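Here subunit A shows up in two complexes: once beside subunit B, once beside subunit C.
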Partner chain A sequence: MSNRTIPRLLQTPAVLLLLFWMLVPLGMTLFFSFIRYFLNNTRRPEWTSPSIDNWRGFGNYQYVWNQDAFWLAIQNSLLIVCSILFLTVALGIAIAVLINRSFPGRGIVRVLLISPFFVMPAVNAVLWINMLLDPVLGLQGIAVANINDVILGLRDAPLVGGFFSLWPKFEPISFRATQTSAYAVIMMVTWQWTPFAVLIFMTSLQSEDQQQKEAAVLDGAGAWSQFRFLTLPHLGRPIAIVVMIQAIFHLSLYAEIEIVSRGNGNKNLPYYIGELVNNNIGAASATGIFAVILANIVAIFLLRMVGKTLME
Partner chain B sequence: MAIVAQHSKFSKIAMPVLAWVVALIFFFPIFYMLLTSFKTDADAVKPEFLFSFTPTLENYTNMTDNYDYWRFASNSVITSVSATIFALVVGVPCAYAMAFDPSRGTKDILMWMLSTKMLPAAAVLYPMIFLTKSIGLFDTHFLVIMVLSLINLPIVIWMLFTYFKDIPKDIIEAGKMDGLNTWGEIKEILIPLAWGGIASTALLTFIFCWNEAYWTVRLTTIDAATLSKLIEGNRAPEGLFFGRLSAVSTAAVGPIVVLGWFCQKQLVQGLTFGAVK
Partner chain C sequence: MGRIVLENVSKSFGDTQVIPPLSLTIEDGEFAVFVGPSGCGKSTLLRLIAGLEEVSGGSIVIDGTEVADVPPAKRGLAMVFQSYALYPHMTVRKNIAFPLRMAKMTQSDIDARVNQAASVLNLNDYLERKPGQLSGGQRQRVAIGRAIVREPSAFLFDEPLSNLDAALRVGMRMEILELHNKLETTMIYVTHDQVEAMTMANKIVVLRAGVIEQVGSPLELYRSPRNKFVASFIGSPKMNIFEGDEAKKHNAHSIGIRPEHIDVVKSNGEWQGTVGVAEHLGSDTFFHIHNTGLSEILTVRAIGDVNLRNGDTIHLNPRADDFHRFDEKGLRIT
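So, the complex of A and B:
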């Protein structure tokens, strides 16, 4: 056996499995996207089974392209993913710097901070939308009601009463509404994934060159310029990793969207496809192909960013 | 020690305090869920019982009747453990070959593997349901195990690869000199040396499998349904059953959170994905 045979053999199972996992469903999706295929259609029963006779060409693509809901879904996907990425990276860096030095109870702080990362998405969504954000029964509702009560009480107080009587009565926000449901999703996913960013940044900060920092201090560098010119460049690679891994996970968010508002106002691309799959398989598949194209655009960008560092 | 003298009063006192405050805020939702799980459903929605109430274990003792918790929990354990083991069995040899015998195509293969992870699951949802139903695999443990291990395989290989790469090649070469074959090298040298990395990969994979909520919800009905499906299927209409919902949610995430606490150091070690040198 030649030198190269054994390494190839060792890689074969993984490569074949992933190839199969990718190509078979993708091939079927591609086929379905070019035919008329409905699960229920009493008027045209021949469309209820996948057959080459129902060829529709690019009709499904055209149909989806002209749907407002499709563009709204893309817009929502990008809004949700970009917001989460920005928030987790910013919060992650801030918290990692905050806990980088040792202080009493640092171990416990770390354990508390990392906990949300282990919570399953379904529980995360149920917990946030019901018990924390509900405008009446959740903590938000209770907090707003209490603040209103306090303000009401202060209106009769001497001196400051006049000031507080000018205050409006606060209204709790309903996070199941069309305008706000995307923010509920962003909030809960940020809560869950910030710990992941913290973990990676924290590990990276520990390998930071302390001598370089001391030299910078001797040169009179302040805390901000140390952070800006030493710490932030040092975190470049970890940021790339955090962005990439999270993009992989958040482009396919589903459970949170479903639980918060059943897609009302926060429908992303996977959810839109999920709705189409209930009947119009052709259009769902065409949307799926669009989603694959979108994911590939993102992937090329992200993999370039990470690929450079991979083989070093 | 110039650097120590530099620290102002602010950073000595305010930063730890701020760190504690942030940590408590992040942990609060979990604490609140745990707290609510000890309230009756009626008490759980009354503001006056927010923090002072008569604790009850009722929600936990009724969990089997209310939700059939144990069936879903055992499905979660079976599928997550098996999927993790399978992904490692396929992933370790692959990452070993990539790290110690890299060819020109290795980087491209790795990139391609990662890119399969970016394929939107929803795009292939219907074909998967169609296929698995027609060959009778729908709602079986086997299917869930295969799907869970395949969706995590790219990350497993990537994590292991970045970990193996840092092991000096000479050590593996020395094994070859001693007459070890490939399997011997993996078993006698690689696994003991990279144990930390393998363990943290296994942990992270297990967590991802346990928490997976797309395929496990859509490719199962009853027989192989996991805890994700239980929670997603039983979320109550607003305000109803907060107590029992909290209890079953706590029971669903509890094992993983506690496991995560104990293995935190281990997890951090492997979680860098080659980002930290």
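So, the complex of A and C:
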């Protein structure tokens, strides 16, 4: 017995710390989600302290469930996460396959490709929304203004002038607007996380068996068939890993949303919780529990996917 | 059909020439084995024929067609790789069907050919498995199956048995030979194992540093090796080759004699020495003999179990007709 007791004793501090670390916040969130708890309420001052006397049952859950903003937040969360996943995986595979061939300067290109990943999320958002996407001062605004100038100049040109005078004047897009702010977030996070996908796919491509490819060449497979029947199945497992890790990260996006439009048009679940926390802790906690459930559903779904590819 | 003619074929990687211009003809239906030590260019030569490498000079003609500009898949050749190169995500059936699918054959034709190949190779029970679930020998058969279904004019084997264990290797050797007898298709087989070369080939091509040292049937190479390299490469254990007085007696710079052409006698042998290591195999005994005054170690094969141990004195009689004589350049004197 003693030779089992000692290892267990030695593990205890770590296990206790982890339990404490996870269970205390989760327990407190659960507790708060079942009581009325406001940071500031002049009408009912007794609700401003977390007490069991303010028990509300599932009232907070019901309140959140009936809010349109909550459903909009879930919708935005899923839109943003799924779009980023699709784009990063597609771009990641394309770039990884491209730079897997040897060409002069490959080492430098690889380092440059990976560098967006080292930019802090908040900095990334500031750079994109102010310097690239801004409709007046950003690269987008400058580019659209210049294109308009060129077209304007061509209208006076002989021969083709008539054709260009039919063209409209292009309007720059404001990416802080309700209709477009989610796309701004998708764009900047895709830019930042594509290198992560490239990195993982690149290492995986290097472990691809070259003799298999030669065999495929002899079997009459062209470049597309080799990619479709050999490379893509070979990348199945890394794709599952990239999808899972990114899903976990992007369900909790916050900085980009705050900076782009303060939740206008792109409010996701964490941002919604953040707004509720300003006063209504009970409702925020209930939303937090919903978020945990959503994350678990996504995780189980993704784990299945990963498990399936590992089995094959 | 599958007559393959190489004319002055050469190959360089950058500045290093791995194959100097070389000519060789492999007749239709022949089982040709390229054999040589590691790095002698035998695999490169095979890859040149397959089209996986481009020739730097000369021409390769398959069935009368110059194939320099013909892509690998259109040369009508099928290759079996050392690592089998099976597609790990596909079942055995899909692996075998892959070349047919790439050739856009109809599903019914594909099924018919796959089933036929599977029954030839005893793979019927494994068609729905993935390569990872098969043993080494079964994987090898799947790789051969994938080659057979294409009905190529020639098969190319790149050291196909070197990943198998010894017992399985002997079995697969026989299977490949039987396949050759059945299909009567040209086969080119690359190996570094001279036993495989001797047992399988109609025609052995011995290569060293990209140069063909000798081409001939197994017994031609065994009986009359063209030079010292071929003499010591073909035959197991290696031929004893030595210089000195004994060679001068035979009017040669150096002479060679195979271990099986030296008889062990009780006394008054022409040569004598002390036994070093004795390998008792039961059917044969191999002696490594020191202090003969001929060469550092002399290898001798005695039939049956000869009761001589380490340190014993041994008397030997070489068979006079079986000496091979070589000149200063190592070439055979006839």
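Note that in this section the second predicted complex is superposed on the first by the 287 of 312 C-alpha atoms of A that agree within 3 Å, B and C clash if a C-alpha of one lies under 4 Å from a C-alpha of the other, contacts with A are read in each partner's own complex, and residues count from 1 in each chain.
The rule is simple: a contact is a pair of C-beta atoms (placed from the backbone, for glycine too) under 8 Å apart; a residue touches a chain by one contact, two chains touch by 3 or more.
Since this is a predicted model, take the numbers as computed values, not measurements.
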item: First, second, both or neither for A:Ser285, with subunit B first and subunit C second; value: first
item: Touching partner for A:Leu218 - first (subunit B), second (subunit C), both, neither; value: both
item: Which superposed partner A:Asp209 touches (first subunit B, second subunit C, both, neither); value: second
item: Partner chain(s) touched by A:Pro121 [first = subunit B, second = subunit C, both, neither]; value: first
item: More subunit A residues in contact [subunit B versus subunit C]; value: B
item: First, second, both or neither for A:Leu303, with subunit B first and subunit C second; value: first
item: Subunit B versus subunit C as contact partner of A:Phe229, first or second or both or neither; value: second
item: Which of subunit B and subunit C A:Leu199 touches, first, second, both or neither; value: first
item: Doubly contacted residues of subunit A, that is, touched by subunit B and again by subunit C; value: 214, 217-218
item: Footprint of subunit B on subunit A - complex, ascending; value: 3-4, 6-8, 10-11, 13-15, 17-18, 21-22, 24-26, 28-29, 32, 95, 98-99, 101, 103-106, 108-123, 126-128, 130-132, 134, 136-137, 139, 142, 145-146, 191, 194-196, 199-200, 202-204, 207, 210, 213-214, 217-218, 237-238, 240-241, 245, 247-248, 251-252, 254-255, 258-259, 269-271, 273-274, 277, 281, 284-285, 287-289, 291-292, 294-296, 298-299, 303, 307, 309-311
item: Of subunit A, residues touching subunit C in the complex; value: 209, 211-212, 214-221, 225, 229-230, 233-234, 236, 312
item: For the subunit B and subunit A complex, residues of the former touching the latter; value: 2-3, 6, 11, 15-16, 18-20, 22-24, 26-27, 29-30, 32-33, 36, 45, 47, 50, 90-91, 93-94, 96-98, 100-103, 106-107, 109-111, 113-128, 130-131, 150, 153-155, 157, 162, 182, 207, 210-211, 213-214, 217, 227-228, 231-232, 235-236, 238-239, 242, 245-246, 249, 252-253, 256-257, 259-261, 264, 267-269, 271-277
item: Footprint of subunit A on subunit C - complex, ascending; value: 50-52, 72-74, 77-79, 81-83, 85-90, 98-99, 102-103, 130, 146, 150
